[in-house]
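Mind having a look at this structure? Questions to follow.
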Amino acid sequence: MKDQFPILQRKVNGKPLIYLDNAATTQKPQCVIDAMNDYYCNNNSNVHRAVHTLAGEATEAYEECRRLLKSRYNADRVIITSGTTESINLVAHAWARPNLVAGDVIVLSEMEHHSDIVPWQILAKSIAVELRFIPLKDGKLDLEAYKIALDGAKLVCITQTSNVLGTRNPVRSIIELAKEVDAKVLLDSAQAVPHEEIDFKELGADFMAFSAHKMCGPTGIGALLVKPETFNEMDVFMGGGDMIEKVTLAGTTFQTNEHKFEAGTPKIAEGVGWAAALKWFAKIDLASHHKRILNLARITSDYLSKKGMKIHSPLHDGDGAIVSFNHPNIHPEDFARLLDAQGIAVRTGHHCAQPLMERLGVSGTIRASFYIYNDETDVRAFISGVDRVLEVLE
Amino acid sequence: MSWSPALQEIIEEFSEIDDQFEKLEILIDFADHVNELPLEQWTDENLVKGCQSIAHIQVEIIDDCIDLKAAADAKLVQGLQGILTIAIQGLSPQSALDLTPDFAVEMGLLNTLTPSRSNGFRNMFDLIQTTIKEMI
Amino acid sequence: MKDQFPILQRKVNGKPLIYLDNAATTQKPQCVIDAMNDYYCNNNSNVHRAVHTLAGEATEAYEECRRLLKSRYNADRVIITSGTTESINLVAHAWARPNLVAGDVIVLSEMEHHSDIVPWQILAKSIAVELRFIPLKDGKLDLEAYKIALDGAKLVCITQTSNVLGTRNPVRSIIELAKEVDAKVLLDSAQAVPHEEIDFKELGADFMAFSAHKMCGPTGIGALLVKPETFNEMDVFMGGGDMIEKVTLAGTTFQTNEHKFEAGTPKIAEGVGWAAALKWFAKIDLASHHKRILNLARITSDYLSKKGMKIHSPLHDGDGAIVSFNHPNIHPEDFARLLDAQGIAVRTGHHCAQPLMERLGVSGTIRASFYIYNDETDVRAFISGVDRVLEVLE
Amino acid sequence: MSWSPALQEIIEEFSEIDDQFEKLEILIDFADHVNELPLEQWTDENLVKGCQSIAHIQVEIIDDCIDLKAAADAKLVQGLQGILTIAIQGLSPQSALDLTPDFAVEMGLLNTLTPSRSNGFRNMFDLIQTTIKEMI
């Protein structure tokens, strides 16, 4: 697998790169890089409404991304955005703003990424909806507290898999309970889609947001899946080219399909790159890879724990292959820099989840996150890297 | 897929030509093959959506045979309508539904049948079949 | 010049590609394609707040884009967006919404692109501001009508160069007059930046919006330049990672620099590609190229006119190198398809400017737009292509 | 640019080491070279902004000589502060202002001095010079 990823051949500080920052972004296989290269070298053109050959080729290549997303996730409506963050903001503006009123409740959790907190805080400031945060209990969402929080809820926004802990939330139960009170459900699936197959229609959520760059696709593109009935409740968000039906100075009518929410020249090369990633993905057995790397994460976690580190990640079956930890004395930044000096890339800091950090009682963690191209070599390198850090700093 | 001899002949005629420009020249000649839908019968119902040009196709079933009337403001689109007329006019509804649109690719007129690249052909073809389905 | 653009070596329908759809999007030189390729093969990582080597390299490569934009346009504040359209919508949400009240006037023109019309119509619907459209007079803005429209104006939004006609508006006078009534000015510079050097500070506008893909850069990225005083009047728009200072469940504080308006993982590879384009641009004498291709447009226009076509583009000095025209009888789509069959790419349709089409009394035009890599060969090919079309269709 | 002999010696020491890990090991040793700013004197004014770790630097001018006190919660950052101390402590304000930060690159500690990649070094260096400018 590794030989398909050119970046994994490089050296960092004279050592082979051991890339364990996959929850932040994943690397791209050669076929994805080539697809974008090829697009710019052969088919680049603006898309839609044009009759020349390049424009037709570009439109087809770009729209293939949407087709692949629809079939991969079994979704009727796929809005292309610039990423998870824009997808969630789109829901806040296009669905929540026109459909909610002061006093309506939005239920979130304490383990949300900032991208699934701040848009709702901005909305709350503007239209006085109430935000309720489900607390954590033993590294998991407290479902009893959730049930209570649902009273008066119109929308539930939950991360499917935590980017800090790897905790996979019980989204099926969460959705079922929300549906009992007729609340809409938005899944932040940024960390879930890289690791599992998801049937959106069957799952029953109203919205699902994710980014291409976390699943071997390019930067600058993501998607929002929407249930058709809920799609019909959405108002226009951004205005511009491509999303209109007819513009006059007196007023404008809009497209009725996904284009309504995709104003301006689309992310064309990005769509082409993502389509290549999705085709590549289709040939991969995610479930067995995920099992394999979750095991890598567990080996890592056990070792760190034995060495006296505090492990925050539960690493239950189905959880993300993420090990968040702290050393009792060593500053995460020192830890990570000494790993980096050995070619090992991990992330430190608040991971865009400051409320969760507060709950964990730390200012930041060290996070090693695994992906499908990681293997035992990486774990061994990481472990011996850690040993060396401890020799110097303990 | 088997086509009517008339259509088969046109397919062969087109596929013998390499040059795209010459193909389009011939396609324009087929604009005369439509049974022209008079302007006053251009309605929202028979409008083909998703084309840059204005195109109308009216489908009727007369004596269990398909009767097409068509018109477009762009010649090449009307040329495609002419070929559709040759392919479908007079067929039984079921034979018309059995038809697949790949003959246009076979002709080398279109590289692909995706709506965004088939110059309205796919939309027109689909409109005809949908209308027939609604009528039978 | 052409040999630096790989796509210009390809054939379309068996004929060498003659690309005259540059107002829709421009082609990319090899160095821009290589920069993105290189990024994905060697430096791909999420940016900001990380200590490992890749993250540092990626951050530096991405932030170089902002630095280059700041120095190229002499701007203190450069917000990276996904394109002109998002830039304009950002102004509507982050500046206009919090600063305007019902009855306030926004002045636009009849030659705006939909991206500079629809965001304002959406805003007007929401907060009841009044939109006034400056009419055209002989293919130019009617400045007398503009002066009258300015009464009560709080914001003026004008395209610097029309994407349909190529008309370059007198933005200096427009800004001066707006400043007399203390109105802010937004320039839609999507068609201007590819053709001229602009000193934003000296020009005195408050906002300037443009896209990378129209100036040899990648898709999916653009910028909004903002005057510092006006920047301070802007409220947050989208929420998420990277734009915050401190998030708590009780409330959040935001970054004070441009990051405040850049929520989520940025368009990293796109920034790297655009930076490469900007560096390539710095070595190019845009002014002399522009003169040269405006001349190509004039030769083309004269020929078309002699052949009985109606020309909509004035092609005055400084105007864009764009020839919009109609044949008295031939449908634009027929015209363009027969050109395409000869390898010639032009655009037809309303060019995302339906109000202008209405004013011109046409449903669409045929538009041939030239860029710095076009030369006499292209004009000759276009002219003989037109001759062949006329032989068949006249 | 000429540096003090003490700084010159350190630069040479670092530049002789190829391995980045070894460089950092030595850098950690320099954490002891700071005149430690006591915790109770950590204020918003002497906080270094834009670092992942918490770092404080207090600059004073005593008898026309720069006096630095510093502290950080990360050892490597405090190591950088130690080197800054060796570079600047006791200089005249003008000599301190004349100093450019490239010695850190020369040492091979940083590849670049852009704020986003200099581990807080650039921010600390700039803070020192800005504070001196304000005081003289």
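For reference, chains read A, B, C and D in written order, and residue numbers begin at 1 within each chain.
Criterion: contacts are C-beta pairs under 8 Å (C-beta built on N, C-alpha and C of every residue); 3 or more make two chains touch, one makes a residue touch a chain.
This is a predicted model, so every value here is computed, not measured.
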Each chain counted as touching chain A and chain B at once: C
Label of the chain whose CA centroid is most distant from the centroid of chain C: D
Centre-to-centre distance between chain C and chain B (centres being mean Cα positions), rounded to whole Å: 38
Inter-chain centre distance, chain A versus chain C - centres from mean C-alpha coordinates, in Å: 30
Rounded Å distance between chain C and chain D, as computed from the means of their C-alpha atoms: 45
Shared-contact residues (touching 2 or more other chains) in chain D: 52, 119
Touching two or more other chains - residues of chain A: 13, 49, 51, 333, 337, 340, 348-349
Of all residues in chain D, those that touch chain A in their complex: 18-21, 23-25, 28, 52-53, 73-77, 119
Contact footprint of chain A on chain C as seen in their complex: 6-7, 10, 12-13, 17, 19, 21, 24-25, 27-28, 32-33, 36-37, 40-46, 49-55, 82-86, 88-89, 92, 110, 113-115, 117-122, 131, 133, 211, 213, 218-221, 236, 238-244, 246-249, 251-252, 263-270, 333, 336-337, 339-340, 344-349, 352, 354-355, 358
Residue ranges of chain C in contact with chain B within the complex: 13-14, 331-334, 337-338, 340-342, 348-349, 364, 388, 392-393
